[in-house]
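Going by the order they are written in, the chains are A, B, C and D; count residues from 1 in each one.
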Amino acid sequence: MPGSTLGRRFKITTWGESHGKAVGVVIDGCPAGLDLCEEDIQIFLDRRKPGQNKYSTPRKEDDQVELLSGVFNGKTTGTPISCIVYNKTARSQDYSEIAACYRPGHADYTFDAKYGFRDYRGGGRTSGRETIGRVAAGAVASKILNTLGIRLLTYTRSIGPVEIDPSHMDFNEINNNPLYMPDSQAAQQAREFLDGRLADHDSAGGIIECRISGLFPGIGEPVFHKLDACLAQAILSIGAVKGFEIGEGFHAAALSGSENNDSFYMCNGQIKKETNHSGGILGGLSDGSEIVFRAAVKPTPSIAKKQHTVNKDMENIEISIKGRHDPVIVPRAVVVVESMAALTVLDLLLENMSARMDGLKKFYEK
Amino acid sequence: MPGSTLGRRFKITTWGESHGKAVGVVIDGCPAGLDLCEEDIQIFLDRRKPGQNKYSTPRKEDDQVELLSGVFNGKTTGTPISCIVYNKTARSQDYSEIAACYRPGHADYTFDAKYGFRDYRGGGRTSGRETIGRVAAGAVASKILNTLGIRLLTYTRSIGPVEIDPSHMDFNEINNNPLYMPDSQAAQQAREFLDGRLADHDSAGGIIECRISGLFPGIGEPVFHKLDACLAQAILSIGAVKGFEIGEGFHAAALSGSENNDSFYMCNGQIKKETNHSGGILGGLSDGSEIVFRAAVKPTPSIAKKQHTVNKDMENIEISIKGRHDPVIVPRAVVVVESMAALTVLDLLLENMSARMDGLKKFYEK
Amino acid sequence: MPGSTLGRRFKITTWGESHGKAVGVVIDGCPAGLDLCEEDIQIFLDRRKPGQNKYSTPRKEDDQVELLSGVFNGKTTGTPISCIVYNKTARSQDYSEIAACYRPGHADYTFDAKYGFRDYRGGGRTSGRETIGRVAAGAVASKILNTLGIRLLTYTRSIGPVEIDPSHMDFNEINNNPLYMPDSQAAQQAREFLDGRLADHDSAGGIIECRISGLFPGIGEPVFHKLDACLAQAILSIGAVKGFEIGEGFHAAALSGSENNDSFYMCNGQIKKETNHSGGILGGLSDGSEIVFRAAVKPTPSIAKKQHTVNKDMENIEISIKGRHDPVIVPRAVVVVESMAALTVLDLLLENMSARMDGLKKFYEK
Amino acid sequence: MPGSTLGRRFKITTWGESHGKAVGVVIDGCPAGLDLCEEDIQIFLDRRKPGQNKYSTPRKEDDQVELLSGVFNGKTTGTPISCIVYNKTARSQDYSEIAACYRPGHADYTFDAKYGFRDYRGGGRTSGRETIGRVAAGAVASKILNTLGIRLLTYTRSIGPVEIDPSHMDFNEINNNPLYMPDSQAAQQAREFLDGRLADHDSAGGIIECRISGLFPGIGEPVFHKLDACLAQAILSIGAVKGFEIGEGFHAAALSGSENNDSFYMCNGQIKKETNHSGGILGGLSDGSEIVFRAAVKPTPSIAKKQHTVNKDMENIEISIKGRHDPVIVPRAVVVVESMAALTVLDLLLENMSARMDGLKKFYEK
């Protein structure tokens, strides 16, 4: 599994299982001199903390992060930053049943196929708890981006069939509802919809949208590390994400060139675009306008409803998944999507520093 | 631009500009002992060759590939395979105009923003000709996959608003129409639709679908190099692709868990799935069923229709793009998508070889 | 500092400072199914533990390792293995003086030059304690190599001017003396020599030799990841190492081709070499004979003797280094060299698995 | 063989065999805006060109380089630079004999062991011709370093037992003798020594020394990509190099701390070192003084003298190597060592740009 590291300049390596001793991340390549404390990271982790309302797992974890290295006198030192969160309320007894069977929609079978066996407790490495490391690192990346005037805004665009009304979008609403929707009316409808799914012992998915503003043009590394390609990898690496699109995305396939192209024009001596169908990216590089992308999240596979499946003895069986599960993971995944986007943008921002001779000369001249 | 290399085990590095001397690729990590000749690669390149019909650029290039290294006595030697295709009909005069202005929907502006200037001849590095290297490498990867019984099938799912009818899908039709659609009726409609766009001096996009069969379960490297995450990066790295989805994709967001989950069952001693909403991937690993993904391709940005834009002197201007352009790039992109998928799957297949101690011991025991 | 990760298949990422909360390592890419417990790692860590005799720092640390992830029911699961060792006896007061000055032979000045400031407590990241992560990972790598019949033997070849007598070499002696020398007489002389250096408030260096037996021919990845090149990087990455040589090494420069070449001959149906001047490597690949390399370790820079230097206020000063330092680090570095060699060999052994089509086909055929 | 790429920011990928169609390199990550023409590269290639005198192979190759991409209007564009050199005088008939036997000191056996077979013509990939790609890339790296005031000086320190006299070192002499020695008297002795070896149908090795001046302090990425570790890998990746040392190197092992430490002092407001035993590196980072390292080169293994070996039929045989070989490769390897050093230093110089928050902020502020 040599795939636990992401990034080339701002590198993260996550580790840990749902019911092991702890989960964590090592951040390597953080520039020295950033003011950083545990509270900076805790704010992000609290956004994904379980047990906050009936739409998330009742498992109670306070998910307190501890900084073990890389910070001295309140500043990053340029050395690896190790963050750890201990698993406190692991209840392995809940999961004895799933040791012996392959849950539909889960990675039980594929992990067994790959590794020969697996840590079945709470999903082990495939648990949503693995994202704690991503979010902790994302908090650090976001702080750096903020110092450069780059800001990320992420929210739930739809839950099941309930979508926000773009004409009623109000970003101030995002934190006013447990679903992180920028539309109070849609949020209310979505809650009612989820109540129905809960009553049915079933679950729901949704779409998350992320906007990145303040990004300079020219960020991304052709031809394989284009900004959109790296974002796609980062977002699809989140469990349960089944689709990624940027700007008009799949809708662009049906447009004509004249509809989809964004015209350039001059505005106060700056090059601007009249529209933003591109979602802020041209040729894989940021074009100076807002980056806008969406991630499709599948419905939680753990449902109490009866399902057919097979067990490890190769017998057909019926199961009903017990345990502490989210009926919809979209709201808790919002901060994960934002973190992955922040990590990706920062990494490419650092990569871009060596793109030009004049930048190099200016950097090193005394 | 240190982003021209893709893959960790089967690595490719592409190089070259549209109107430079040549374009090419170096393939590093190809196992020794594969029968390989130029014809194996030429077959793939011919699928993306320009000038084949009125829906592709009239630029005539025979795109003959030459193998410069890595093959001896008809077999790969394990050393880097260097492939080159000379640019024969570069007509730089066509492009003098675009040197001075930023074409909407193109990377002219973002390349200037990043690098300070650009090779403007025919789009330079951002030209579709860059994909020649990808397709040449994809041919080699596909040949290896075929020896293991893994096959890829790629086709046009829609052109503009014209989509194939899944109930009429006939894979034998794919090579019977210039649009590579597996539905002769849809292909006919799409051609009529494109004729309209051509008459309007406008362009169209579409959706490409790829199916990979015969893949073993367990391929992919959690958590950042999951199979779907790597496919997403590879596909989004293709110019003009604006979206990627796997299995139900964006549609999954509106389904319930019980609808979207694929039940397992036993079939002749094998674990099978009753449905394939997952698109062949669970937890980022192949699950043994067919991999199915789609890529959304935007309409060609080069259109003869008048557009507003700015020039390098920061003046608002109007342009009408001349030159030899495809009114729709979807058909020629089909083999590019297939190549990127083959490269990704093969790379992860090689990575998977060290997943287990028993595999390691068996491999090295005498 | 994105340089804290080593390896491509068996990857390690170390983190931690001498006087921070803890030091550790994340191992990614360990094959699933290896029997592993904390004791396996502890045995290696005990070989580098401080405070064992008067030739190592009197700082007392029991360096108990804790496994936080990646192991379940006594076996590795294929997921990242996180190892942590808490720093228990950090005494920061010892180091208040060095906060303000640049110690000769240390990285104080260069870290300030690079990062703007540094964690000066006990050398921070440049402390020998950083090697704990390397040794923990090396223990795991060695265990895997052992299951394949590959064994490493590492020892002190010289301390200052005192060298072992090759004709008296007895590997059973290595663990009978605190200097890990395979020659009891030389060990006794070296101890006397060190007593003199201690009396002078001075320090000593030495040479470490490592032998790897049982390695298959063909391991190494031309042309930049040759086995010797990777070993050189791994060994030079250890603080205080100033030279690396393989086989005859620097001595080879004065030999003739006929003296330095190793003749092949047949022995019981096996290809063998009459001599081993090459140190077990030809063309960057293992040749099936014993790998033999040496590392030159400089004298400990921390000495009580008065030295000239400058402080952070740019003033010339005199210092005498206090604190708990090793008069010679060679003996404690023996296990570090062995660990780095084990990590390198294992990584390349895993890389080699995809070298040939027949190996690939055999691996995946049912 | 996924080991043909070196570097993370300034990446090179070499390809090609001795008697294939061509050899070459793709350079990825070269900053845009560097003035570059084929002549810049040719000057470096001419320094390693064969056939210049009786101490190098009589094979005549003019080794004319061609730039195929990445340069436009005389400047690099930031896209991959592809360099090619055609093999013109490949005489495969010379090598028919070695197809069937394993030459002592060569990689014939190990390549067969790894890949199952090999391109035996002229050593194939293991030929010295592979270094053409390295030297071409090194020329580009050197040009960039020069613009920053960083200069490399490389020369032969010894040939066989004949070493330069450090007290007579005159760098102006380097280009006055075919052995590139900075000491005319030693050069004369070395020529006489080589004449003797030639008469004996035997060969010689030697030591190459490289000095890098003008490098800023703080370059290198702890802990695994330290400057000295990266140099060691780069230098050991050159065929025939058997040892690497920096500063005092192996000699440091016998010194005391007080002898080996370099005292700092203030000089015109700058921090300087009284001595340079460290070879310009402390803690793996450049310390602002001259980088000095040495590489030990083994004697050419191809000798006309009779040797024992085995053939592919596993029979003991005697051989005498014919063909066009260098009796000593040290002089031609001088520019290879310099190139590898330039590539390494430049790569780490680019990596260092993201080390600090203040550097990042200054770079991106408008």
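The working rule: a contact is a pair of C-beta atoms (placed from the backbone, for glycine too) under 8 Å apart; a residue touches a chain by one contact, two chains touch by 3 or more.
A quick note: this is a predicted structure, and the numbers were derived from the prediction, not measured.
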Centroid comparison with chain C (C-alpha atoms), farthest chain: B
Selected pair, greater C-beta contact count between B-D and B-C: B-D
Separation of mean Cα positions, chain D and chain B [Å, integer]: 38
Whole-Å gap between the CA centroids of chain C and chain D: 26
Length of the line joining the C-alpha centres of chain B and chain C, rounded to whole Å: 45
Multi-chain contact sites of chain B, meaning residues that touch two or more partners: 1-5, 8-10, 14, 29, 32-33, 78-79, 114-116, 125, 216, 222, 354-356, 358
Chain D residues within the chain A interface of the complex: 8-10, 29, 31-34, 76, 78-79, 144, 147-148, 216, 222, 349-350, 353-361, 363-364
Chain D residues within the chain B interface of the complex: 1-5, 7-11, 13-17, 20-24, 26, 28-30, 32-33, 66-70, 72, 75, 77-82, 84, 114-119, 121, 124-125
Touching residues (chain side chain A, partner chain B) in the complex: 1-6, 14, 102, 104-107, 109-111, 113-116, 125-126, 130, 158, 160-161, 197, 200, 202-207, 216-226, 228-237, 239, 242-266, 269, 271, 274, 278-279, 282-288, 296-303, 305, 307-310, 314-316, 351-352, 354-356, 358
